[in-house]
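Structures for review follow.
Across the two complexes that follow, subunit A remains constant while its partner is subunit B and subsequently subunit C.
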Partner chain A sequence: MQALDCAIIGAGPAGMTAAIELSKGGAKVAVLDRGTRAGGQIYRAAAASPLPNTSALGPDYQAGAELIAAFERTDLTHFASSDAWHLGDDGRVLFSHLGETHELHCREMLLCPGAMERPMPIPGWTLPGVMTAGAAQVMLKSDATVAEGAVFAGSGPLLYLIVAQYLRLGVPVTALVDTTPRQNYLNAAPLLPRALRQAGQLKKGIALLREIRSAGIPQYRFAENLEVLGQNKAKGLRFTSGGQIREIAAETIFLHHGVQPNLNMTRAMDLAHRWNPQQLCWQVETDAFGQTSIQHISAAGDGAGIIGADGARIAGRLAALNILHRLGRLSEADRNRQATPGIAKLAAMAPFRAFIDRLYHPANALRLPQNPDTLVCRCEEQTLADLREGFNQGARDPNALKSLTRCGMGPCQGRQCGHMVTGLLSQWRAEPTEAVGYYRLRSPQRLLTLDELSRFQAVPAPTHAEAAE
Partner chain B sequence: MKGDVLVIGGGIQGCATAYHLARQGASVILLEKDYAGRHASGVNAGGVRLLGRDMAEVPLSKASMEMWQTLDEELGHETGFRRQSVINIAADLTDMTTLRAREERMQAAGFTHERILSRAELLDRLPHVNPDCAGGAISEQDGYAIPYKSTSAFRLAAERHRAKVVEGEELLSLRRVGPAWLAQGHKNRYEAETVVNCAGAWADHIALMIGDNVPLSHAAPMLMITARMPHFAAPVVGAVSRQLSFKQFKNGTVLIGGGAKGFADRANNRTRLDYAKLASAARTTVEFFPIMRRASINRMWAGLEAYMPDNLPVIGPAANADRAFHAFGFSAHGFQMGPIVGQVMADLVLGGQSRFNLTPFRINRYDRKIL
Partner chain C sequence: MFRSLRSDGAPKVTLTINGQEVTAAAGQSVWSAMALTGQSVTRRAALSGENRSAYCAMGVCFECMVIIDGLPNQQACLHRVAEGMTVTTQNITQDCEAENAGP
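Take a look at the complex of A and B:
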């Protein structure tokens, strides 16, 4: 078995850009992604869209096809349909491909696992018919399927983007229920002047909102007290807006209020993390080049802190330059010189990101469950009341609470409930989130059949001599 | 902070000791460097097993087993205990010979809780077992419990009797001054007449502070748990000579052990897994239970456990100090013993003796007279 210079997990904008740069620098690279094609979230199926015309998805999406083409032209190994289930700080990657586990060894590892949507645990959020807005987009991009007459509820650019994409395709939308709190506009206003330096982004956002407004679908603003109606499946959404209680009938409700890093990989590797109070999420700690608390492991893109697709590309390239330096293929001076424009660009993007983060800062009432009967852990069906009971029994740590209540023990391994549990414990303990911490995560990153594991034979790690060959 | 007894370690041994002491009126302070149940006692396989115990342990283990049956009522909190037979599978005739020899020794000692199963009886109780197996041994009063819940139940019951459990407090040093033990934690100082060392995989450090040397080692046995699957095995399953052990819980998840060990990084409170060994445990499992091929592993982990060279715990007074006691080194089967160990320790601390023969468990059993 031959050792790689670098293994990259995730073929989104971050992973693809990094792979191209590393390969250009002469490194031997492999990229793994569970998807059948490269692209990641934003460019999902951008190179092979099932849609007759992708213009409805917007120019950002279409730009993805170019990146994917460049990636596919690059001399590297792309393991598609390959799900990494174990990543070790010893440079070992175990991944599943068509029901078999394979093993890779690499000198450097770059984690680009992307983001996931922040759960919105309103009453009824787990009923059939309730999905995330991102799921609407995945269905659209991958299968060209849509849900007619849906209600979209929440806040943030991605929500508006998806509504606009629906409207452009002529899909009827029942309503947009915007939960951005009135106070957020006041809080964000002081950040606007600096954000205006990125006028292009701002214009794009305003145009999107205008586009939705002019489509004439019912829009409700400053919505609060959201609740999905229905016993066994979603029948509608109840909320208050403009001082009135409103009920809208719909069989599909798409919820969204922002994204957060996909934590399981970086957490399972025991990398140092910090709490990001602006984005209300944990993120892996890195330096300007994406290097984590373990030097030979780097992270880039939304999986290392939300920076968006353009930011992910830059971060991917910066990580690649640093890895080339660590591999001895680029001097420190050259690394710094080549990195300067990217670092400057990221810094220039920061004020706009700060503005957006402040404006779409999710309300605590939507981020954390309020109703004792609301499920926090979908896998193990644990409600807010169950967790409170566990806390009262002395489980003050997320892991203790998990051991006591099973919250976070199910197949999603805390992906959904992790941030909620941290937030709840922080409230109950009246201590900052950092003091509360997060779940201790372990491999496998996803369910692995015993059959597959039983057929896995470990290949011994290569010796230095072999690796150098 | 002052108390009669200072217990080091908030695993099941420490919490049970604190409970039995506090229940009898002693003022107890328990120090736990992480949180109670963070280590072996909260993450083990939950096996409450009498089957296959070392002869020296059988009396304690039997007494503990009786306590488990009514522990929830006694403590006023759920331990998740469920009575369930445990079967050790004999893969072949050699295993059956081993079992027969054991049966003879057990009967000679007057123990009757284990019984040999014929191949037909085995298949009857475990219809999905590989039919090539030769038979097995069964113990009917055994069962399993939920480790963290059980440890927590002892802790809550101890607190109800006014024991003080201090979490996030690591004992850094200990000295005997006159009639008292002075303890320095990283947050506070403590003083007590008696100290009890229940520090699990770290117990040799505490033993040193007390003045006793002990050949303790530590390791990281690994476990895997599956997602829910249809019920296929009621009894808890082990094997005479193979690394096979699993139990299916009421919710359908299957916990797979087998004794394979990962890497123990005690100084950093961490463990790492050995995936090649887990793969081999998976092979053994599907070889004996082909139905398990379809099972999906949800999580794999390991816990830090203390081992003595003879796989028997240390239970008893310190060799080189007064008013100090040890209970550690349970060698991967101490969860079941928790209830009785707590009582034994309380008896030693409060009355100076135990009704059990503790000679096999004395701390200085490895001391040599001459080099």
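Take a look at the complex of A and C:
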């Protein structure tokens, strides 16, 4: 089987931009993505929206359609509806497509797994009707499905964006319960002057908050002690705000307090990771070009550290330039020259990101479960008390705790509980997060049927390069 | 209460969700079709048997696992509706016994 020059996993802003750049440089590229169309989460269905009018989603979303169009015009192989379940440091990629496993080989690999929402383990968070703000976005973009009368609770730009989008579309919103701690405003203030250099971004954010305020929906600030009410399904949200305990009835509660890299791909490859104390999450270690601890494996976009869609495009291009250099298609001098504006742009964006990170730094009480009965591991139904018991029995690190309690062993493979387990063990051990570490993950990274596994004989994936020969 | 803002005349498919015949826009996610018909319980938790439903809608929480055309552990948010599809809430708990699938 002929090896491709580069396989890109993920067709969001980073993956698409990198693919375009690599193709332009003459590399043979394949892009694997789970979606039926390219776009990732942020530009989901931007190329073919089921909504009558996408203007309510904002110009950033509409700009995504242009990138998707440019990507689809590019001469490359795009494996849509394809779920990579094994990535080897030998360049072997196994992916599932319509129930069959296919295989390809590549010289360079670029991982663009994107972001997922930071779990919010408040009491009742597993009840039907409790979803993430990102889920509201996905339903809106992909399926034009909205929840009427929902309560939105949490903190951060994505939460405010979806509330504004709902209001623009005339979807009734019951309340916005803002959990941004008072202290965060004070902590973030010193970073404001530097963030002002990106005045456009700041204005956009302020306009969004003003839009929500002028809509006149009930808003509660500095909310704490959140708890979802209900036995078999969500019936409402209880919280304290302004020194009062409040209860708001709602069938749907959308939670959000920031995003974190979708770790499983980079972790399963055993790449070096570091803890990001500003963003309170693990991220894969890379150099300025996205090159990881394994030279021929690069990572770009939010999956390599949260930088947002605009940052992801730049990071994708930088990774592509470096890969072209590694493939011998671009001299080091040319790589550096072409990379200079992008590196400068990323550096210019950093102060605003730092400001946002500090302003919307999630409260520990929402990031880590507080109630002994709250589930930490949703799949294997392990509560905070269960994990503490495991710790008391001697499970000091995430893998020991996993072996003892099955926490992190279910179908989500730690995607939800992983960061919480690291955080809890760090607290209990009174040691830094880096000392605690993370789950050791392995292939397969997706659920596979026994049928697919038993018939497992990898089918060589057809690439346009081979087809053309 | 979930509602669709879809106004296009997208082609429709008919599927069955927990015995109820449902019409949905082609290309729609199974999860969204369930939500729009008010059948939002996707599975029962394997130990406690508690009701669960989609949490992330983007494939990372695995809460929306349903049985599609007899095949369990299918993420409703990642699957698209199809003509004649049968979807059922996944009621597989620790007390269930495996059925012999035959030779």
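The definition used in the following text is that the second predicted complex is superposed on the first by the 457 of 469 C-alpha atoms of A that agree within 3 Å, B and C clash if a C-alpha of one lies under 4 Å from a C-alpha of the other, contacts with A are read in each partner's own complex, and residues count from 1 in each chain.
Here is the rule we go by: a contact is a pair of C-beta atoms (placed from the backbone, for glycine too) under 8 Å apart; a residue touches a chain by one contact, two chains touch by 3 or more.
Remember, predicted model here, so these are calculated numbers, not experimental data.
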Practice item. Once the structures are superposed on A, label A:Thr36 by its partner contacts, choosing first (subunit B), second (subunit C), both or neither. Key: second
Review point. Given the touch rule stated above, what does A:Asp397 touch, subunit B (first), subunit C (second), both, or neither?
Key: first
Check your understanding: Which of the two partners, first being subunit B and second being subunit C, lies in contact with A:Glu148: first, second, both, or neither?
Key -> second
Check your understanding: With the two structures laid over each other on chain A, which partner does A:Ala7 touch: subunit B (first), subunit C (second), both, or neither?
Key -> neither
Check your understanding: Regarding the shared-chain residue A:Ala300, is it in contact with subunit B (first), subunit C (second), both, or neither?
Key -> neither
Point to revise | Partner chain in contact with A:Gly410 - subunit B first, subunit C second, else both or neither | key: both
**Study point:** Broader residue contact with subunit A after superposition on the shared chain, subunit B or subunit C
**Key:** C
Check your understanding: After lining up the shared chain so the two structures overlap, which partner does A:Met16 touch, if you call subunit B first and subunit C second: first, second, both or neither?
Key -> neither
Review point. So, does A:Asp270 touch the first partner subunit B, the second partner subunit C, both, or neither?
Key: first
Point to revise | Partner chain(s) touched by A:Met139 [first = subunit B, second = subunit C, both, neither] | key: second
Check your understanding: What is the shared patch of subunit A, the residues that subunit B and subunit C both contact?
Key -> 410-411, 447, 449
Check your understanding: Mind pulling up the subunit A residues that touch subunit C in the complex?
Key -> 34, 36, 41, 50-52, 116-117, 125-132, 134-135, 138-140, 142-149, 169, 171, 232-233, 251-252, 262, 378-381, 410-412, 415-416, 447, 449
Revision key, fill the gap. The residues of subunit C that touch subunit A in their complex are 1-8, 10, 25, 27-29, 31-32, 35-36, 40-41, 45-48, 50-63, 65, 71, 73, 75, 77-78, 80
Check your understanding: How about subunit A: which of its residues touch subunit B in the complex?
Key -> 86, 88, 94, 270, 393-397, 399-400, 403-404, 409-411, 413, 442-444, 447-451, 453-458
Review point. Can you list the subunit B residues touching subunit A in their complex?
Key: 35-38, 42-43, 77, 147-149, 152, 155-156, 159, 167, 226-227, 256, 270, 272-273, 275-276, 278-279, 282-283, 285-286, 292-301
